[in-house]
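Two complexes come next, and they have one chain in common, chain A, joined by chain B in the first and chain C in the second.
Here is the complex of A and B:
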C-alpha cells in the first residue's frame, strides 16, 4: 500500500469546561490516500466538525489536542505550533456549511477569491483577477467577470457556495475538507454542489473529506466512510462494504433515518430514540448503549474497542449486527421488551415488522 | 439627486426649527435692548410717557430723553414689530446672506462667525484626528486579544478617561504643559498655521481623549462580535494572517457604531467646546455663543445656531454616505 496523503493517529481533542473536560474527539484514527474521498458521518455533537477544525488549525487556543496528524510526511501539529503560513489555504482547504455567512458581506466576490492567490502565490492584482475568472468558470458560475464585481448578497445560496468552493480551490489544494457543504442549501441545489465537488476532485486528483449527518450524501461519493459518535469512531469501512452489510447498530440506525426510493410510500422512518450523550460525563460503557436495540449486559460497564472485521472494516461493538452476539442480544431484548439500558423495545416497532 | 434634494429640504427644516425656537426664547426671556442702549431699556418708556410712573432713569445721569434713544434703537432693530414678523424679516435677510448685526459692537454677525468658526473647526478636526488615531489601533489590539491582560487594562483605562471631566483634564494638561514645562503657549496664537496647530494641541487632546475612550469601547465590542462571524473562520481557513484578517476583513464591518457616534460628536463639537475654549483662551464659536447668550445678543446666537444646525445636518449626511461605503447592502436602498 502506498503512503497515505493524510494520516491521523489517535486524535484526541478536549475542551476544559466548568463542568469538567469535554471530550469532543476521543481517539480517532484514519488514513486518506491521494485522490480518495473519506466520508465522516454522525449526528450533531459527534465530533466530526471538531475533527475537521483540528486538521485546519481552527480550534481556539484553549483546546487540548493530542495525537498525531501527518500530511505528506509533514507533521501538521508541528506546523501549527510554528505558525506555518502557507499550508492551510494552500495544500489543505475547507468549505463550510453556510455559504450565507462564510463570505464577507462587505467585500466583493472578486477580492475574496483573489486574496488567497495574492497572499499565498504572490500573484499580481491582474494575474489574480484572471485566475479568479478562471476559477469561477471551473465551479460553473455563469458570467464570471460580472460576478467578480458583485457582493455576496447579490448572489443566490447555490452561487455563493460555488464561490466558496472556488475560493478553496484557488491554490490547488491536495486535500479539500467539506463540512456539511450542502446542509444550508435547497434540496435541488444540493446535488449540483455535491456533483461539482466530485468532478473537481476527480479532475484535480485531490483528496476530499466529506462531512455530513446524512449517510445518503456519502453513499455514491466516498471511497471510505467513518461513522462517528460521541467523539469516537464507531465503524469504518470502504463504502461498498459498509452499505452491503453494516456491523454497528448505530450505522444501521442512521441509515433507517433516511427515506429510500425503494421503500413503500408511507413507510415510517425510524428516528433514533433519545439524544446523543453528554460529552463531559460519558461514564463507562458504550456511549450508544442507552439508545441501542442490540444492547447487552456487557455494553453498560465496558466500552468496546475497535476490532477488525472482514474487508478491512473496523467496528467498536460488543454485539455487532449480523453476528451471533448481535442476533442473540436482539432476540433477548425483544423477548423481554426492554434493553438492559432500560430502553423500551416498542420504540422500534416498524423495524420489527420489516424483520 | 433625489437623496441630495431630500437632504436640502431636511437642512432647511432643521435650520428653521432651530432658529425659530432660539429666536422666540431669546426675545421672551431677555430684553435685547438692554445691551444696545444700556440699562435704561429696563425702564418702561411707554408708562413714563403716559405719566403713569416716575422716570427713574434720570437718577443715573440720564433723563427722559433716554426714552427717545430707546425708541430710536427699537426702530433701528425693528424691535417694535410683532415677533413673527421680525422672525420673517430675519429669515428674509438670511436668505440674502445677511446674518444681521451684533448688538454688542454693531459688527456684522457674518464677520464674527468668519472669525470664530475656522478656529472651532480646526479644534474639532484635531480632536477627532487624535481620537481616531488613538482609538482604532487600540481597539484592534484589544479585540485581537480580548479578555487578556492588555484588554482588561484598556477597559479600565478607557473608563478612567471617560470619567475624568474635560475641565479637570484641561486644567491638569494646562498646569503641566503650559505652566510647569512651558511647552505649549498659554493662549491661542494666530500668526500662521503651524503656530495655530501648536496652540491647539492641548485643547484638542482634552477634547479627544474622552472621545477616544468612547470610540475604543464601541469599536472593540463590535470587533469582538465580528471576529465570531463565520467569514472570519473562513478567512482563517484560507490561511490569511491575523493582521490581514483584522484590517481587511473585520475592521470595516465593525465600524457602524463608531461612525454613528463619530458623526454626532463631531457635530456637537462645532459649538460645544466652550469649556475647553475658555481654559485655553481660544476665541472659538462656543465662547462666542456663551458670551452672546449672556448678553442677549441674539443676532450672534442665531447666526451660530444656523452654523451649528447646518453642521449637524451636513455631518449626518456624510455619515450616511460612509454607511453605504462600509456596507454595500445599504447602497441598494438609497
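Here is the complex of A and C:
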C-alpha cells in the first residue's frame, strides 16, 4: 500500500468524571487509503463516535487526547492546536446521525449549503448559489432551486439528510466521515442514502469512514471493517475476510445476535449476555471476557494485544474463534458449564463447533 | 392500499381482539384533521403475536394505542373479549386496561425517575392488587425475577442506575404484574360494581409492545426478544408487536400486518410474507433491509425514489400508487380491497406480485 490518506496511531481519548477517568477510546490505530471506505462497527459507548469527533476536532476542550492523527502527511492534532479551520469543512467533513439537529432550523437550506462555499472557498453570493443548486442536484434532491428557499422543517427526514450530505460535499472533501447517517431514517430511505454516499464516493474518489452499529450496513459498502468494543479495536480486516470467517468472539456474537430477515420465524436468537462494560472501571483483562463464551483463564487478568492473522487481519483475543486456543476454551467452558468469568454457558443455545 | 376489506378477519371464539374499520383523526388546526389511521381492520387470536410493520408516520403506533383507547378512536370498533371497548365508559375502560398492557420504545422515559424500581413495579398492585403489603412484595419479586432482574439488588434502586435493557425489563415486569396475577388479585374497593359484562369470552391478556427494542443496543435486543418469547409461552400472553425493523418482526410474530399511510397492505404469517411478498410495498420494504449475510448480493434493482406522501392529503385510490412501479389507471380510481392470494395470505393490491389468481 502507498502512503495512506489518513493514519491514526494509538489514539486515546479520556474524559475526567467524578468517578475517575472515562476511557472512551483506548489505543485505536488504523490507516485509510485514498478512495477507500472504512466501516467502524460497535455498540453505543464503544468509542466509535468519539473517534470520529476526534478526527473532526469536535471534542470539548476538557477531553484528554493522546496519539497521532496524520492526514496527507500533515499533523491533524497540531492543526487543531493552531486553530486551523480551513482544513475541517474542506478536506475532511462529517455527516451526523440526526439531520434535524445538524441543520439550523431558522436558516434557509440555501444559506446553509452556501455557507461553507462562501467561508472556505470565498465564492461570491451568486457563485455560491449556483454551486448549491448543483450540489442539491448531485445528491438527488428534486427541484433544487425551490429547496434553497425552504427551511429544514419543510423537508422530510430523507431530504434533510441529503441536504446535510450536500453541505458536507460542498468543498469537495477528500475524506467524508458519516456517523450513523441512516439510523434516524426509515429502511426504505436508508438504502437510498447509503447508495448515494457510495456513488458520490466513487465519483469523487474520496475516502469515507462509515460508522454504524449494524454490520449489515457496512457489508458490501466498506473495504475495511473495524469492530470496536469498550474503546478498543477488537478486530479489523478487509470486508470479505471478516465476513468469511470471524476471529474475534465479539464480532461473531454481534453477527449472530441480530435477527436476520432470512431466518425462519421464531428462530431462537443467540443473545450476548450481560451489558457493555463500564468505561470508567474497565479493570484488567479483555473487556469482553464477562460476556464471552470463549473466555479462558488468561482473559481475565491479561488484556490481549492486537495480533496479525490471515489476510492482514488483526484481532485482539487470547482465544480467537476457529483457532486451537478458541476451540479448546469453548469445549472446556461447555464441559464445565460455566466460563472462568462466571458466565453460565446455558445462556447460549448450542452453536456449531468451528474447527 | 385498501383498508376497507375484511377478508383477512377470522371468525371463532379464540379471537381475543378484533379491530374493525378503525379510524383515528387528529386535529391539525383551522378545523382540519389528519387521518393517522384511515379504516383498518385486524384481529389477534389468543396466544398469538401479531406484528405490525411500516415506516414512521404510517399509523402503526396510533393503531396500537387505539386498542387501549388512548385516545379513543374517531370511529370503528375494538372488540376485546367480545365487548366493544368504544361502548364502555371511561371507568369501565380503566378496569379493562388491567387485561391490556403496553410497553414503550424508550424504557428510560417510561419509568418515573424519582421512584424506586420496587415502587414502580408495585404501583399497579396498589390500585388493583391485594391490600396486604407482603403479598404485593412477593408478586413484585416474582415478576422482577421472571424478567431476569435480581429483586434484592434492584428493589431500592432508581431507573437511572440501570442500563436501557434493564429498564426495558423493569417496564415489562410492571406490565406483567397486571397481566399474570389477575387470579391473585382481590377486587379492590375502588373498582366499581358494574364490571361483569363480559365474563365468558376468552381469558387472554394482551401485551402491546410499541417498538420495544428499537432504542436498545443490538446485543441487548436479542435478550429482550428472547425474554418476550419466553414470557409469552410461560404466561400464555397474546402480543401485538409494533416495529419498523422487518427482521425483528419476523422473528417474534405469528402473523404480520404491513401498514402504509394509515391503511393495511398485506397480512400473512411471517414465513409466507417474507418469502412470497405479494404487495409491491412489502417487496420494497424487504428489498431495503441491509443484509449482513455476505453470500447475499445487494439488490441494486430498486427504482423507487419516492417520499412518503402526506397523510393529510393521501393519494386517491391505492395510497401506494405514487411510489409503485406496477401502477395503472385502476390504482388511482379505485381503492383495492383486501383479498386472499393464498392460504391465510391476504393482500390489498390490484396487481399483486405473486402470480396467483385473486
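One rule holds for everything that comes next: the second predicted complex is superposed on the first by the 346 of 355 C-alpha atoms of A that agree within 3 Å, B and C clash if a C-alpha of one lies under 4 Å from a C-alpha of the other, contacts with A are read in each partner's own complex, and residues count from 1 in each chain.
The criterion applied here is as follows: contacts are C-beta pairs under 8 Å (C-beta built on N, C-alpha and C of every residue); 3 or more make two chains touch, one makes a residue touch a chain.
Note that the structure is predicted; figures quoted are calculated from it, not measured.
Colleague: Could you tell me whether chain B and chain C fit or clash when both sit on chain A in the superposition?
Modeller: fit
Colleague: Looking at A:140 after the superposition, I want to know if it touches chain B, chain C, both of them or none. Which is it: first, second, both, neither?
Modeller: After superposing on A, A:140 lies in contact with chain C but is clear of chain B.
Colleague: Per the contact definition in the header, classify A:124: touching chain B only (first), chain C only (second), both, or neither.
Modeller: In the superposition, A:124 touches no partner, neither chain B nor chain C.
Colleague: Looking at the overlay, what does A:216 touch: chain B (first), chain C (second), both, or neither?
Modeller: second
Colleague: To make sure I follow: the centres are taken over C-alpha atoms, the vertex is chain A, the ends are chain B and chain C. What is that angle to the nearest 10 degrees?
Modeller: Placing chain A at the corner, the angle measures out to 70 degrees.
Colleague: For A:156, decide between first (touching chain B), second (touching chain C), both and neither.
Modeller: It touches chain C, and chain B stays clear.
Colleague: Examine A:116 and indicate which partner it touches, taking first as chain B and second as chain C; both and neither are also allowed.
Modeller: Only chain B is touched by A:116; chain C is not.
Colleague: Please indicate which partner A:172 is in contact with in the superposed arrangement: first for chain B, second for chain C, both, or neither.
Modeller: Neither partner.
Colleague: Specify the partner with more touching residues on chain A, choosing between chain B and chain C.
Modeller: The larger set of chain A residues in touch belongs to C.
Colleague: Please provide the least distance in Å between a C-alpha atom of chain B and a C-alpha atom of chain C in the combined superposition.
Modeller: 8
Colleague: Would you pull the chain C residues touching chain A in the complex into a rising list?
Modeller: Per the stated touch rule, the residues are 55-56, 163, 165-166, 217-223, 225-226, 229, 244-248, 250-254, 269-271, 274, 284-294, 296-298, 302, 304-305, 307-308.
Colleague: Report the residues of chain A in contact with chain C in the complex, numbered from low to high.
Modeller: Residues 43-44, 140, 156-159, 186-188, 190-192, 194, 213-217, 219-220, 239-240, 243-244, 253-255, 257-273, 275-276, 291.
Colleague: Which positions of chain A touch chain B when the two form their complex?
Modeller: Contact set of chain A toward chain B: 56, 58, 85-90, 93-94, 96, 98, 101-107, 115-116, 119-120, 151, 153, 164, 167-168.
Colleague: Inside the complex, what are the residues of chain B that reach chain A?
Modeller: So the residues of chain B in touch with chain A come to 229-231, 233-241, 244, 248-249, 252-253, 326-329.
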